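Heads up, the next two complexes both have subunit A, just with different partners, subunit B and then subunit C.
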Partner chain A sequence: MSYLELKNVDKYYGDVHAIKGVNLTINKGEFIVFVGPSGCGKSTLLRMIAGLEEINDGDLVLDGNEITHQAPSKRDLAMVFQSYALYPHMTVEENMSFALRIKGEDQSMIDQKVAKAAETLNLTPYLKRTPKELSGGQRQRVAIGRAIVRSPKVFLFDEPLSNLDAALRGQTRVEIAELHRDLNATSIYVTHDQVEAMTLADRVVVLQAGVIEQVGTPMELYEAPANKFVAQFIGMPQMNLLSASYFSGISADAVDVGVRPEHFTIVEAGQGSISGQVELIEALGNETLIHVCLDCNGEKLIVRQYEQPSIKVRDTVSINYDASHLHQFDAKGEAIR
Partner chain B sequence: MSSQSRSSRFIPRLLLSPAVITLLIWMVVPLALTIYFSSIFYNLMQPDVSGFAGWMNYEFMITNPAFTDAIWNTLVLLASTVAITVIGGLAIALLINEAFPGRGMVRLLLISPFFVMPTVNALLWKHMMMNPIYGVLAQVWTFFGFTPINWLQDLPLFSIILMISWQWLPFACLILMTSLQSMDREQLEAAEMDGANYWQKFRYMYLPHLARPISVVIMIEVIFLLSVFAEIFTTTNGGPGTQSTNLAYLIFNEALQSFDIGVASAGAVFAIILANIVAIFLVRIIGKNLEK
Partner chain C sequence: MSTKKSKWTTSLIVRTIAAWGIALLLFFPLIFMGFTAFKTELQAIAVPSLWAFEPTLENFHVVNERSDYVQFAWNSVVTSVVSTVLGLLIAAPAAYSMAFSPTKGTNGLLLWMLSTKFMPAVGALLPIYIIFQQLGLLDTKTALVIIFTMMNLPIMVWMLYTYFKDIPHEILEAARMDGASVWQEFRHVLLPLGIGGLASTGLLCLVLAWNEAFWALNLGAADAGTLATMMVSYSSPEGLFWAKLSAASLMAIAPIVVIGWFSQKQLVQGLTFGAVK
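Coming up: the complex of A and B.
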């Protein structure tokens, strides 16, 4: 059942075709994450849904209503901005109630909604403070609270965690996930951080240069990327891409073969199918990343292993791959299934 | 330990003192001289009358019927010019905040009146605009079949207010325009998504954002407009009667028309008192805004 639907949506900036005919169907209660490199159009797409950017062509349908050219405030969406965009001269309470107040809703109703949202977000002690008296994480929660009190049909998040430090980012990520579970609200979340995408999303939309590369659950994207771009974009460190000549028993059309670092193993010299020289060993405690330079033509790969290695830099090693986890790509970069 | 900290404080103070002392002399000497002159008989036309005058000069100043008129005119001039320039400047700044073709040119033209010297400004208005026979405004009035207004005769104070507002509007506009540029776009977008219309955005976003620059504009304008002189001297000479005489012009009249330095100095002391009263109000109302 489609709730929010984008049909062939286009965006032009002068001659630049920023969003190239995007089609996407979002179900009610789903948490969708737009992910992609800088400048791929993910924020533009979100702002088009919000109504802050004009949709040049195509249709946007929300809950059966065509809203392509409606004013942002009439669309029944709420947005959490990257800078939070809190109103600096208003208290937390005034910030959260602003939309309801200018709509002229009943004061007791407003108080009730604000109190409830504040409780959900642990903001009750801070209601009388102004944004500058709050920490980054608290401001973030106020921004979310401002969206919640409006009880919109869809929540839009524009890189909401990018202004937080690493520790707080992880914590807030968990809170957003819990919040989504409690409210069960349809959400669209834009990020360039694949960890956020993988952990929060019901479905991830990978964008590149204004085009959707793949839509799927996080695990689908990880285990069955549709093309080279998605394969290399998802996963940290990146999937290794090697020419097909290293591998046997693969499709004749395959030009490149992708192997995730954890699907390589280092074996005793001469026993593996690929050999090379160790260039760098990154010991991260729980795992070790071994960068290997293949002697034949300078190609490089990364092996992830979970035991402390006995090898040293400049050692020559032999490497085996897990044949059940190969990703084969044809000349156009599309996956061969 | 304590002697060390004392000496470490002594040297900076020593080094600062020439500047501070110069400033003090600069301020204290004229003030002391003014107060001294206000207490003696000192009329250039009657050099034989001299000596201590007590409160005579002050009494003479206060009982002068022009004095209350002058204070009233000063305040009316101040309040109306500040109101016109701030409201008008805000309106224009908001109008030209959005990008449109030729915005740079429009901004340049808007700011240019501020570079016109006060005397030139006054002459421009006196002859080009307000002359009842050949002035532009007279032509407009005649075109629509009205009798041209003799501005400087019939509405002298209003004419002066008009000239000074024309000169200071660009200043207000410039300051407000630049601070509008620093308005957070995401905040406005958030307000738009919250359903605020233009008026509500103005009331809840722009106005609070501009509170501080507006305070600065008011403060600077008050400082300069308390002592308006050139426009009055060039156009109306304070007349007809005392209708466009402000305190600065009255003091000038006493000193250089009646040549009574003593009375003029007493007037100057009143001007200082008036300026301080205005300053107290300003600090009360606006100082709070600046502290934020």
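Coming up: the complex of A and C.
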């Protein structure tokens, strides 16, 4: 059931057309992730939903009500900011209860909700502290707690983990996923980190230059990217993109062919359809990434291998591809199905 | 055995002497005034100046009897306090909107506001005098409150703008997302975070209004006269009465010096805000 709907939404900054006619339908209880490179408009789109940026054209509908030009305070959405944006002069408890207090809710109800959220987020011992007495991870949890106590219609997360260190980021990511599962709340999450996008999302929205490139489940994006941009943006390391001439039995319209690193295999000399020279071997423990330069005409590819390779740098190798996992793209860069 | 190096290096001694020298030079007129206030008129004009004398409170008695110090002081308190409060009430929302919702014209507007301070006050005297005369406001505290407020507004807006600019925008956005109205956002978030800025801006403008003499003399010398006008009355019209003038001046500046002394931390912080981080 459609819960939040963006209809032909536009945003201009002077002459710059930042968001170009975006259409998107979000269902109740869904975890949606906006992902894309810096400056693609993902945060702008989130802020437009929040009401912090004006929508220049188009409509925004939430739960059947048109809220395109409604003030942010009236939308009943909660936002977790990248910088946490906690109220520095208030204690953790006051930060978390602020929304309920200004709404004039019953004090015992407020105490109950804050206590429950604090318990969920392991913040109970810190309720009387101010934000400056907390670590980055704790601050982020307070910001999440501030959103939870309100039971809003939609949670908005604006790159909430990017200020945390790698270990804490992984841990908090898991916590957010668990929280979403427990609360079953509709959430929109902005990130440039595709690991966050792939692990958290029910559906991922890939944006580029203010346009939605593809919307789909993480596996749909990985296995059936709609175009070259999505193909290369999702997946680490990037999908290999080679000219069609290396491949046989493909569409006549195909100009480029994409192959994920794990769909290449290094085979005995002369047995593969592509040959090249090993440029670099990255042993990551659980896997090895082999960078190969193809007859050194400028094209390169990466092969992912799970067993220890017996080859060395500057060896000439023969490579085979898995024909069932080829992604063919036409001259415009669109996928050929 | 290693000898402990003396704290007092030559350069430190020179710098200390220089600092004290400059401080004394700047402070000398005040010291001189302070001494003169406790001399008789004859002692006050003695050349060379007397530094050892029997202090007298006579000048203060005379000034109080002749000038109704309380009336002047009351006028000073009313005009400076009311103009400061009024100024803050106007400047805070202005600075808020300029800091958090700037438009293309904001910088120009700020510069234009400051540029009004570039003009000598006397340049605007005639039109303002005539306007106030037409409105029947001459020699009223209302006139001084209006003019002091106008006079300090550009500084107030600038100072508060600088303060507010330093408050992360996202904190206010968070309040908006939490359902706060503009007033609640101001009352619960901006005010507590900007209280330091509001206090130092208010203090500075209080001092400026208290010490203002030009407009006070021209628009309200009699009934609405402030302490600044009282001081002036001891100079030219009745000849130069150094001791009484000093006593009057000392009485005029005493309240604000005490306030300034206790709030100097806020004042310095306010004036250097954003300059040192």
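In this section, the second predicted complex is superposed on the first by the 336 of 337 C-alpha atoms of A that agree within 3 Å, B and C clash if a C-alpha of one lies under 4 Å from a C-alpha of the other, contacts with A are read in each partner's own complex, and residues count from 1 in each chain.
By definition in this document, contacts are C-beta pairs under 8 Å (C-beta built on N, C-alpha and C of every residue); 3 or more make two chains touch, one makes a residue touch a chain.
Since this is a predicted model, take the numbers as computed values, not measurements.
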When the two structures are superposed on subunit A, do subunit B and subunit C clash or fit side by side?
clash
If you stack the two complexes on chain A, which partner ends up touching A:Tyr87: first (subunit B), second (subunit C), both, or neither?
both
Should A:Ala115 be classified as contacting the first partner (subunit B), the second (subunit C), both, or neither?
neither
Which partner chains sit in contact with A:Ile311 here, subunit B, subunit C, both or neither? Use first/second/both/neither.
neither
Shared contact residues on subunit A - subunit B and subunit C:
50-52, 71-74, 77-79, 81, 83, 85-89, 98-99, 102-103, 146, 150
Quick one: in the complex, what on subunit A touches subunit C?
50-52, 71-74, 76-79, 81, 83, 85-89, 98-99, 102-103, 146, 150, 156
Touching subunit A in the complex, subunit C uses residues 168, 170-171, 173-181, 184, 188-189, 192-193
Subunit A partner, complex, touching residues on subunit B are 184, 186-187, 189-196, 200, 204-205, 208-209, 211
Seen from subunit A, its contact residues with subunit B in the complex are 50-52, 71-74, 77-79, 81-83, 85-90, 98-99, 102-103, 146, 150
